[in-house]
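After this come two complexes, each holding chain A, first together with chain B and then together with chain C.
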Partner chain A sequence: MVAVRFHGRGGQGAKTASRILGTAAFLSGYVAQDSPIYGAERRGAPVAAFTRFSREPIRERGAITYPDVIVVADASLLDDATARVVDGMDDQTVLFVNSSLSTDALRAHLSLPEQMTVRDVTGIALQQLGQREAISALLGAVAARLVGLEWESVRLAITRELQDLAVTAPVIEKNLTVAKQCYDSSGPASLHKGRSQAISVAALHRPIYEPPTKGTARISAAGNSVLRETGGWRTFRPVLFADKCNGCWLCFAYCPDGVIAMNQEDRPVVDYAHCKGCQICVHECPTHALVAEREAEGGVAWTAK
Partner chain B sequence: MDSQMMTGNLAAAWGARLADVDYIPAFPITPQTEIVEALAKWCERGEVAATFVSMDSEHSMMTAAGAAEVTGARVFTATSSQGLLHAFEVLYSISGWRAPLVLVNVSRALAAPITLESDHNDVLAARDAGFLQIHAETCQEVLDSILMAYRIAEDERVMLPVIVNLDGFTLSFTREPVSLPDPDMVRRFLPPFRPSHLGFAASSPHALGVAVIGGTSYAYFRHQMHLAAQNALEVHREAADSFHALFGRRYDLVEGYRLEDADDVLVMTNAGASKGKAAVDAARAQGKRGGLLRLRVIRPWPAEAIREALRDRRAVAVLDQNLAPGQGGILYQEVAACLYHEARRPRALCSFIGGLGGQNLSEGEFQAIFEQTAEAGVAGRGLGPVLLYSAEEHREMTHLQMVATGNA
Partner chain C sequence: MWQRETFKKIKQIPREEHVMPGTALCAGCGGLEALRLAAKVLGDHVVYVNAAGCFTMLAAYPYSSFKGSWLYTTMGSAPAGAQGIRDALDVLIAKRRLPKSEDLKVIVLGGDGSTYDMALSATSGAMNRQLDFYYICYDNEAYGNTGMQLSPATPYAARTATSPCSLQHPAATMQEKKDIFEIWRAHRPPYIATVAPRYPLDLEEKFARAATFTGPKMFLALAACPTGWLYDPGATPEVAKLAVETGLWPLKEAVNGVVTHTYIPKRKPVEAYLRLQGRFRHLFEPTVQTDAIRHIQERVDAYWQQAAQEQA
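Then we have the complex of A and B:
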């Protein structure tokens, strides 16, 4: 069995990429299975998707704990512990990262496996498709190439899955052209199939009763959302041109996440560790003092703890 | 203590009154209405210091009840049948919040076809909702069980809501003598509600029933609810001891009637058990050693007490006043499950379904039950589910079918 795990952010198409791979494997005659997992649906939040295919019936379901291939749609997820991108990864895992950074730059602070490919799929999408987030077909094509599926199956799979999403025929054609380039520019990876993870009998904990203050689904520590940094969800950030600001506080009032504070001069101060980049403040600002600027990948303004 | 004639419904209202509840959200439904009418009247006159609010449905009613309870108020409410089912999803939230309110259910069979009289498919549908359940046989027991329910529910070892069940018509509208406990003694039995995990203060906000994804946290909290319900077995015993000491009446998890030397035992719940006891007496008058086990607490399931009561019997008959279509009697299944590991279990376990929708349980039918059960015990082989229906009922039904089709 081949197990591929996709990591992305809500809206990037990780789920669709996993479906393209699943359908491509199915059309190639394999037994295939794909599934996504996400919390309450939110654009920008980490999501994962899983594709398995095999010549035999698949007796697994749900999350892939030990993937053969990991496809990362957004390099910032590597730094986000809650996204659990590196879970179950070892030196035999095949890793693909969508990033404009170099392999060395990504390796600088993370131990990553030998078989690692980095490609700026987002850059390709922006350049050729004119859309930053339309990368599901591209990621699906790359993944399919890594696991050795034929282009014809991939082509059909992309067509079917994008049709399902009501993508128009001309846009599908464009996607196929770019996906073929991505497919051709990679080579099949060397997969170490049939790995056997040592399984030991689980140590079971016998639940004991705890007082209702502990045993009830109850949060009494107010304001703990500050612990969950969501700055990495942004693709654009609001930036203030202070000379244009009239100090009206509208940005402060409209911010749905309460990450805009006002300083003593009545100027907004954005908490970039938590700003999700929704741009509502930019939209509401009557003097256009707040402007959306594209996030530079690997920038130092925000680093997840 | 003075006794007076009162219905089961009025006894339920008195239970809430004596428990000194703070908040009563209400929505009327036959055969429960008299409960909320009495409480509305007392609240209006100032005889009860609770806030009484008429709601627009049982769903709203239960939501308001749970919301008020988590502020730290003592809450009482009541419903029946379709009303209980309309409120159903909220039941699971309330128990998950660990909000120990008391809900009286006046049992009434479920539509369709629609009817007004009692059986237990309504209350037993809620058996997995995380509410404890106490099923009462008499009007006195309705009142007393409500007081015990608050004491058990509000215990820090439990903190789960309780349903107190009484049968529609056969108890709800039936008057019999009820002794009203002295309010000062009730205060000794039932201390003020001071939950550690609930309450409302703007200075210390907290969130209840928060979202948990992934299963790890969810499973923990569900396990806690199970452990809390299990704790209620011991907390019930303590409450029963205390209640007995103060008021002289004793209520255990199960009640045995003429069990000492019984060969065959009939298992029942609720008000119908009174007729079951009469049937035991009738059987004994004929020289048959029958007995009755009344299941009073249904959640937590008193498995050990049931095993103890049914050990070494020749045969046991469970008379379910409910029907799970395609399965049979609900309580039969649970009794059977808890006897499986009992080495000295009865030689035969029989299942009877009767009293659906207020259907009469005749003396003759009880005789038939004891007869068939004894035979099953001798043969060492259980039977059922037997759908109790007398030849006379069948004749009546045949006539009604002719009327319904215009062939009368």
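Then we have the complex of A and C:
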């Protein structure tokens, strides 16, 4: 059995990539399984998805604890403890990271496995598809190449999965062209198959339930969500060119998260530790004083203090 | 002619934030924007009673984004929870165990799944008992927190996870959006209003006006939803604006049952609104579904025709 775990930010396409891989494996004659993690899968928030495929029936269900391959759609997730990207990773794990940084730069502060590929898939998508975060087909293609699936089934899988999302034919065609490039320029990884993932019964715990007076999750602090930084959600950051700003307050009025404050000169001050990068301020700025710049990676991560 | 009295200029929007950042809500959430603006008028002396939904993520243990209090309930019971809190506050004040100056506003937060569907009877009961509370429905026209399944608030021809396009139904869902405003109005609460985040002054004014009434104060907020409606998060204000400008989302209020439209749009063709969103893309590609688009346009036209007649 081959187990692949995808990590991304909600909206990047990690879940669809896992579906593409699962479908491609199925079309290649494997038994396949794919599922996203169930939880608060928000745009920008860390998400994970799992694909398993095998020649034999797969009895395992649920999250993949010891993946053969880890596909990371956003390098900032590596720094994010809550995303648990490196869980179950060892020397034999094959790692793919979507990043504009070099392998060495990523290794500088994290010990990462031998078999590691880094490619700027977002850069390719921006250049060739002209859309931010539309990288599910590309990630799916790269993952399929790593695990050694044929292009024909990958092509069919991408077409089917994107059709399911009501993506139009011309856009699917463009995705296929770029996905093929990604597929061709990657090589198959050598997987260490047959690693047992069975959970021993002895390791299972019986949960202990507390009475409501003791066990209810009570929050005794007010407005402490500021301790949790969401700046790492961004793929683009709003940047102010102050000389163009006319002090109209629109960015402040429309910011859903309330992370834009107006200073004494009526100029916006963005709280980059919390700005999620939705770009509403950039869209609404009447004088184009706020512009979107692609986020440099390795900056603010989603950290709990 | 309806006029704003308190909020005339954009720079009157209070600077202070009451819903703190760091929440796990989606980037570009239209519902959060509506709540943030509302909270600027409501202040911090509040208890939010939150029906399960996307807004659950506003206070996910161990973090809360509210400076005031927050209580979590099931999807169907938030108005009942509000009744309990209101009664408790009243009893404490009557027994002089709580000074009147420390009284709190009780505010229900419910999504459209809760409001239009599961909590409808609890809401009806609370309105019937003239419970003194606020109700804010953030309406993104589907069960968003669980992955965009059809709700009674889903409009005609919107594609959701449970209303896909099919051979039998090429235009996706055939249901019409439930008119919750009129259902509420039949209960004659003192104040009902619809708001949209792209119209901040209209929204602020309505919350300021509601404060003068005792009893149920009901709000229906358009929660443009990039995740579920499938558009770029940066376009949330644009989508909300077109919802209003096409006439699909009328901005109105009902004071003791008397309806006033607070903004009369010039009514752009509905296509402008539909085209922006992935959930309606099947109406335009691969072939244009003229009948479905015309149906939506006719419903809007009929609504405004009737509104004009009633006004006259």
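FYI, the second predicted complex is superposed on the first by the 231 of 305 C-alpha atoms of A that agree within 3 Å, B and C clash if a C-alpha of one lies under 4 Å from a C-alpha of the other, contacts with A are read in each partner's own complex, and residues count from 1 in each chain.
Everything that follows uses one rule, which is that contacts are C-beta pairs under 8 Å (C-beta built on N, C-alpha and C of every residue); 3 or more make two chains touch, one makes a residue touch a chain.
Predicted model only: the values in this text are computed from it and were never measured.
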Touched partner set for A:I280, first chain B, second chain C, both or neither: second
When both partners are placed on the shared chain, which of chain B and chain C touches more of chain A: C
Which superposed partner A:D257 touches (first chain B, second chain C, both, neither): second
Touched partner set for A:A166, first chain B, second chain C, both or neither: second
Chain B versus chain C as contact partner of A:A45, first or second or both or neither: second
Touching partner for A:N224 - first (chain B), second (chain C), both, neither: second
Which of chain B and chain C A:P211 touches, first, second, both or neither: first
Touched partner set for A:P57, first chain B, second chain C, both or neither: neither
Footprint overlap on chain A, comparing chain B with chain C: 40, 217, 219, 222
In the complex, chain B residues that touch chain A: 96-98, 156-157, 159, 195-198, 204-213, 217, 220-221, 223-224, 227-228, 231
Residue ranges of chain A in contact with chain C within the complex: 10-11, 40, 42-45, 132, 166, 168-169, 217, 219, 221-230, 233, 248-250, 252-259, 261-262, 271, 274, 276-280, 282-284
Complex contact set, residues of chain C against chain A: 10-11, 13, 15, 17, 19-30, 32-33, 36-37, 57-68, 70, 159, 165, 197-198, 200, 226-227, 232-238, 278, 281-282, 285-286
Parts of chain A lying in touch with chain B, wherever the complex brings them together: 39-40, 207-213, 215-220, 222
